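Each of the next two complexes has chain A plus one more chain, namely chain B in the first and chain C in the second.
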Partner chain A sequence: MNISESKQGNVTILVAQGKLDATSSPELDKRISSLVENGTRQIALDLAGLDYVSSAGLRVFLSAAKRLKQAQGKLALANLSAQVQQIFDIAGFESILPIFKTVNEAVDACAI
Partner chain B sequence: MLSFAEEIFLLALDDKQGVIKPLPVSALDYALAGALLMDLALQDRIDTDLTSLSVTNTQPTGDPILDDTLRDLQQKPEPQPTSFWLKYFADQSKRIQERVLARLIQKGILKQENRRILWVFEVRRYPLMDNREVKEVKTRLRELILSDDIPDPREVVLINLGNACRLLDDLFTPAEYEQVRSRITALARLDLIGQEMAKSIREIERTMAIAMSMTMMA
Partner chain C sequence: MQAKGDRCAMSDSFSQTIENTLTSLAPLTTAANRFLDQHTVPHEAIFRVNLAIEEIVTNIIKYGYDDTAPHTITVNLALFPDTIRLQLKDDGHPFDPLQTPAPDIHLPLDQRKIGGLGLHLVRETVSRIVYRRENGTNILEMDIARQ
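Let's turn to the complex of A and B:
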């Protein structure tokens, strides 16, 4: 999995590409933890290039959402592929995570 | 920290009587099977998706029950659906229950008592010696469900197991339970193994209900 990072105002945008499974999820988990520990409070995740998410991957989003909420921060997701959207729908992740069609919408939601 | 199998066993125990509360058919069997798989998932030994369960790390966890489960999961060369493994371990529930009970007794949380009813029938009971863990779990789950907090993966598993065995209503007044029912459903959905476990229990209940209604009509 590839993760790249950019900034738009106070919002950090992480672009995740590839597969998010038991092998790759610790990498994204550590990346988000490290950002939060270093003071980042607004994170938008661009998942356009993510074509697979397993249970282990779902747990990374859950932990990240909890971590940011506890730190009075915000996490928003954008650009879900059809496969990833399907697993999010089945697991009902829209009930705990704001999900947007575009990165700009996710950034705006985080910036509020 | 207790394993999920130990936690669900304690939640299912009527602490005054020292026996398992009345539960839906096969619910405890599947909940224990689900508990083993969810512990292995949270310890990064297995991973699942919508089609299958695969072993991702064969390194033992140090927990003999989980390590036997992990060894069994490696018997099939190809990944199998999660439902296959839930049934496989649910079919071994009696043996798993005995091992979980033995562990809880060994940890000083339960004690075993043998009593005789009518001086003939021997009944085995498991009164709680130390209820701190059970109280703490019940309080944590109640507070989480009543709030709008995001659960951590471990809390999601406990909600899932408790909900599948219909044990969460004990944590609330009937009026409160009506109010939190949809939140419990939403939180329980967040784990894919838990979803499969709940589906298996519902299917067994449905089959039993159909069989009973056919018997009554005959």
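Let's turn to the complex of A and C:
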């Protein structure tokens, strides 16, 4: 899994690429935790390059959303592939996580 | 990581036995994916096979045993024209994943539990899932649509 980071205004954009599975998910989890610990409150996740996600990956998104909500921050996701979207649908994540078609929309949603 | 392979490029079946350690998982899925790729199984189906292997094997390794002794888990794949049959065998305590209650996926964020989604994802992405216990072994068989 590859994670890269950029900033647009106050919003931190994380681009996650590759497989988000039991082996790689702790890396993304740590990355998000350390951002939040260091004061980041607005995170947009660009998942265009994410070609696999399991429950271990879903766990990272769920705990990130909980952590940011608690810290009065915002999390938004963008660019889900059809298969990743299907996994989100089965898990009922579309009702608890803001999911957008484009990164710009996700950034705008976080910035509000 | 003492994976025992029994693969052949022209064979329509794949079998691998791994130790019950989480580090065995990545080499197992890599080998299974190589086999599926060689047989031009579509990416969407490979995704579902990976998901079933990861969720079930992880579950067995984390919760399947009442002792700390080394155990093995066997993963078999067989290709049919429309289906991939995945069979997992382990000698852990009896566990029927079909009997676990489905998580409530309609709860709001605050009430959502972290975890508990793995078996739900598998049950929803396979077209058939059957469990049986035979001679002290859990046998879970799943059919995954090839298209």
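In the analysis below, the second predicted complex is superposed on the first by the 112 of 112 C-alpha atoms of A that agree within 3 Å, B and C clash if a C-alpha of one lies under 4 Å from a C-alpha of the other, contacts with A are read in each partner's own complex, and residues count from 1 in each chain.
Criterion: contacts are C-beta pairs under 8 Å (C-beta built on N, C-alpha and C of every residue); 3 or more make two chains touch, one makes a residue touch a chain.
Not measured: the values here are computed from a predicted model.
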Quick check on the chain A-based superposition: chain B and chain C, clash or fit?
clash
Which partner chains sit in contact with A:D21 here, chain B, chain C, both or neither? Use first/second/both/neither.
both
First (chain B), second (chain C), both or neither touched by A:R59:
both
Which partner chains sit in contact with A:K69 here, chain B, chain C, both or neither? Use first/second/both/neither.
both
Applying the document's definition of touch, where does A:F100 land relative to chain B and chain C: first, second, both, or neither?
neither
Considering only touches as defined above, state whether A:F88 meets chain B (first), chain C (second), both or neither.
neither
Colliding stretch - chain B into chain C, listed as 9-17, 45-53 or 207-215:
45-53
Does any part of chain A touch chain B in one structure and chain C in the other, and if so which residues?
21-23, 52, 54-56, 58-59, 62-63, 65-66, 69, 86-87, 90-92, 95-96
The answer for chain A against chain B in the complex is residues 21-23, 26, 52-56, 58-59, 62-63, 65-66, 69, 86-87, 90-93, 95-96
In their complex, what parts of chain B are in touch with chain A?
41-42, 44, 46-50, 56-57, 149-153, 156, 186, 189-193, 195
Quick check: in the complex, which residue numbers of chain C touch chain A?
22, 25-26, 29, 43-44, 47, 50-51, 54-55, 58, 105-106, 108-110, 112, 114-115, 117-118, 120-121, 124-125
Sort out for me which residues of chain A touch chain C in the complex.
21-23, 51-52, 54-56, 58-59, 62-63, 65-66, 69, 83, 86-87, 90-92, 95-97
